[in-house]
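What follows is chain A paired twice: with chain B in the first complex and chain C in the second.
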Partner chain A sequence: MRPGASQLISVLALVAGLNAVAVTAVAQEPRLRDRLLEPTRIAVDAILDSAHAEGLPTEPLVDRALEGASKGAAGDRIVAAVQRLWGELRTARISLGLGSSAPEIVAGASALRAGADPDDLTRLRELRTRQSLTVASATLADLVAVGVPVDTAVAAVIALAEGADDADYLAFRRNVERDIALGASPVTALGVRLGAAAAGAFSNVEPASSQGSQRPRKP
Partner chain B sequence: MTRRRSSVAAVAVVWYCLSGSTLAAQVTGTVEVGTSWVDYEGFLGSGAAFVTPTLRYEGPDVSLGVSGSYVVFESGSRILQGLMAGGWRTRLGDRFLGELSGSAGINSYEDYPGYGHLLSRARLHFAGPRSGAWLGAATGQSYAGSASATPYEIQLGGWTVSSGLAMGATATHTWIAETDYFDVLGTARIRDRFFEIEGSLGFRAWGEGGGEGVYGELHIQVPLVKRLTALVAGGRYPSDPVRGVITANYVSAGLRIHALTASSTRAATLLGNSFGTSVRSEPPRTGQARLTIGSSAHSYHTIRVEAPGAEYVELSGDFTDWRPVPLVRTERGNWELAIHIEPGVHRVNVRLNTATWIVPQGVRAEEDEFGGRVGILVVPER
Partner chain C sequence: MTEGNGWLDRAIEALKEPVQFGDAFDRHVMAEIEAGPGPRAWSSRFWTILDWLRRGRPVSVSPLGGLALAAGIALVALLGQDMLEPEVQGAPVAATVDGSVVQFVIVEPAATAVSLVGDFNDWSAAANPMQRVEGNGVWSVTIPLTAGRYRYAFLVNGSIWLSDPSAPPTLDDEFGRPGSVVTIGES
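Let's look at the complex of A and B:
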């Protein structure tokens, strides 16, 4: 069987499995028109249409398809990536609440992919009802990425949830990463920075200059 | 040069100086080849092959050495390391010995930013015929890519020797940037005609950001034939922020070929035994460019990429619809782009000189589902 025919069949099979509207009814995303082969574009458009019907943000799905296209990925791989993200967005939206913003849902999906549990996102939302969860969720994913165990990272992000603003989260993450780069274990770095934050020392968790001007206890 | 090695070196220096050794100056050259399995903390374990050439000069008062290491991991990734070290010793009365030493090291992983250090050290030894102690301090500069920090270290050590057994212990406190840590390390070395065994056991505690725990290593050397020694080593070593080393467990096996002379030199040298530790390097996780983002009006942000030496820098991400956008060169190797980016989590790659798309430093890297990696950029709400 020719590769093109194989791809077409697999893509159409995915479309059929979307439990979505008929292919003929799918709206076309103009940015995909010149970037994807026709079978792939049809499959992605079907996912977009379904996501739109669910009230999910479709922009990240379009972006994922464009990313795959720009990286020369095969059509079935692009569709699979978009489909997976669609599922993550759906789970994130359910966990964070129907009123969540698109950036929050995208960040929540990123945290879920990093290993966070949907219940963790729900807990985070409960603690930060008035503030955006975008940076907090992204921080969770970042901490896991640098080697902090998921449960520990979740506990840290939740511990900061009530008092920290976005800048605090960014500084916290930056300092943990910096400590790790300097040799600390991820858990130790997290513990030290969390301790500083718990002591109300957010203003002191900004990284020192590389020349060590804030270095404590110089011999 | 790790503290363990330098500690053993100091023991050896005093040992030989005070035992009346009148070794003439000599030059030795060795090449070590072998394989290792190393498990860096936070990474998957990996096999590696290494080759480590070393050239040393040992004089009555001066030691000099240069060592290199070329390591290839299972993935095909390679580490290239280099170390130069030298020391000068002089007697200060009957019981005291002064020692000044320095070292410069660098290691690079593929084409990513490397680590480097320049360190100077001073020690005052008090030495008896079979035991002694020293007090020392060290400082210099540590480099990680374009960043640098000044480390400080103070150390108290002691040693004793008797019929083929040398034992030493050190207590060291190190400060670098916002990190500090305290290490206690004991070493023992047994040597006879058929083998040499060196073991160490230590712990790290009472610090901030430097980790804590117990570590130890065992090195065994067995001369096989003239000019050839079998080597086996293993254990766990702690992180060394000064030299860009992260905690790891490892085992190694290999051979040392005595290329320049087969004679054994002093029990240790300022370079120490590079075997088994040649994979002491942090595998960097991001590319040789660093991305930072600054805010400006109306959701426009300035993306800055530090890429010294690059002739052309492009960026592609979800905020460019994944189309390459060239950056504009500013000054001192910086490249910039002012672009509209909504708050949220974004995906981005950077390309230097039309080569492969990479994940720059400054953003989190993750698998992109298309066989490569992508950077995750977080833009907070204003």
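Let's look at the complex of A and C:
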């Protein structure tokens, strides 16, 4: 090989290397640098890159990694948790629609984690075309977290979808939690509060005749 | 009495001397009394009734009657509490939402330091130290939050992780520590 060609190859290799370093530097999440060991950070950064390329919100993934670091979890456990959340965010966005906001996608992911079916999220979107789904999806997850069976929680959240606003959902969830704390079974508590909602306790909720309620519609 | 208290004796004697006020003073006092709270004649019956109601008097109640009275008061107190409580209030809420400002509260009388850690502060124990409310073991911190769903926990004395007993728990325990969630609506 001629000396000139050799020098050219060296320069090209150097430029390529610098480019690679630059790309890596851009992809690194600075908040992870001092909180994760190098192999874990690299693996999480790779997931963040992929999520970013898909148009998914990456902040919840960073948060999950930082949570693991703060709680002293092992690196492989942190990577597994971030990877799992990445999959849930992806499914939630597909189910809710590409135009969904980041909070909606995060809350949708939590509903999926609770056991909701992706089709449930799609149904929720169809029923609440003009409102945010953040609180509705979160309510579903929260109800499951306090012991309501997932199918029952899904049915309740969908039953309220057309009339309830965010405040109604939050009040509904709090009331169910209170009833459970006072000794009611989760299913009973949910049934009582859903009946109250159907009877018009919520200002915006129509009696749920379309959901099979036997209560007469208020004039 | 010792010699050193002579000035005290003199002061006492001086205070015992009658004080003479002139006629002008007497007239002034009487004028003030006459101009006092105003006529009560038009409402004298009302004031009489009020005085009667305010006056204490013994009431005799049989043991059975006393028991019934106590039960009645307890019932009214219980029902009244339930009726006065707004429908939207649930179990004690540690994270209360006021617009986008959220107050987090936990009771830990034995703690020397409590931090709020969560998705909103990069899970940093230094970001939101909680303040002890004087005298009762309550720790509190208030932070602004934008719409979203946040995972969080309380870190007690830098090493003990606690979930919020009054908030929904996280659905999983991926890292072996308890946690809670709070949701802020977008609308």
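Note that in this section the second predicted complex is superposed on the first by the 176 of 219 C-alpha atoms of A that agree within 3 Å, B and C clash if a C-alpha of one lies under 4 Å from a C-alpha of the other, contacts with A are read in each partner's own complex, and residues count from 1 in each chain.
Assume a contact is a pair of C-beta atoms (placed from the backbone, for glycine too) under 8 Å apart; a residue touches a chain by one contact, two chains touch by 3 or more.
Just so we're clear, the structure is a prediction, and the values are computed from it rather than from any experiment.
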item	value
Side-by-side fit of chain B and chain C on chain A, or clash	clash
Chain B versus chain C as contact partner of A:Gly147, first or second or both or neither	first
Contacts of A:Ala138 with chain B and chain C, given as first, second, both or neither	both
Residue contacts with chain A in the superposition, chain B compared against chain C	B
First (chain B), second (chain C), both or neither touched by A:Pro118	neither
Touched partner set for A:Gly97, first chain B, second chain C, both or neither	neither
Which superposed partner A:Ala171 touches (first chain B, second chain C, both, neither)	second
Partner chain in contact with A:Val192 - chain B first, chain C second, else both or neither	first
Stretch in clash, chain C with chain B, out of 22-30, 58-66 or 148-156	148-156
Set intersection of chain A contacts, chain C complex versus chain B complex	31, 60, 63, 66-73, 77-78, 81, 84, 102-103, 106-107, 110, 113, 132, 134-135, 138-139, 141-142, 145-146, 166-167, 170, 175, 178, 181
Contact footprint of chain A on chain C as seen in their complex	87-91, 93, 97, 117, 119, 122-125, 147-149, 151, 161, 168-172, 174-177, 179, 181, 183-187
Of all residues in chain A, those that touch chain C in their complex	31, 60, 63-64, 66-73, 77-78, 81, 84, 101-104, 106-107, 110, 113-114, 131-132, 134-135, 138-139, 141-142, 144-146, 165-167, 170-171, 173-175, 177-178, 181, 201
Chain A residues within the chain B interface of the complex	31, 60, 63, 66-73, 77-78, 80-81, 84, 102-103, 106-107, 110, 113, 132, 134-135, 137-139, 141-142, 145-147, 166-167, 170, 175, 178-186, 188-189, 192, 207-208, 210-212, 214-219
Touching residues (chain side chain B, partner chain A) in the complex	41-42, 137, 144, 147-150, 152, 154, 173, 175-180, 208-212, 239-241, 245-247, 316, 318, 321-323, 342-345, 347, 357, 364-366, 368-372, 374, 376, 378, 380-381
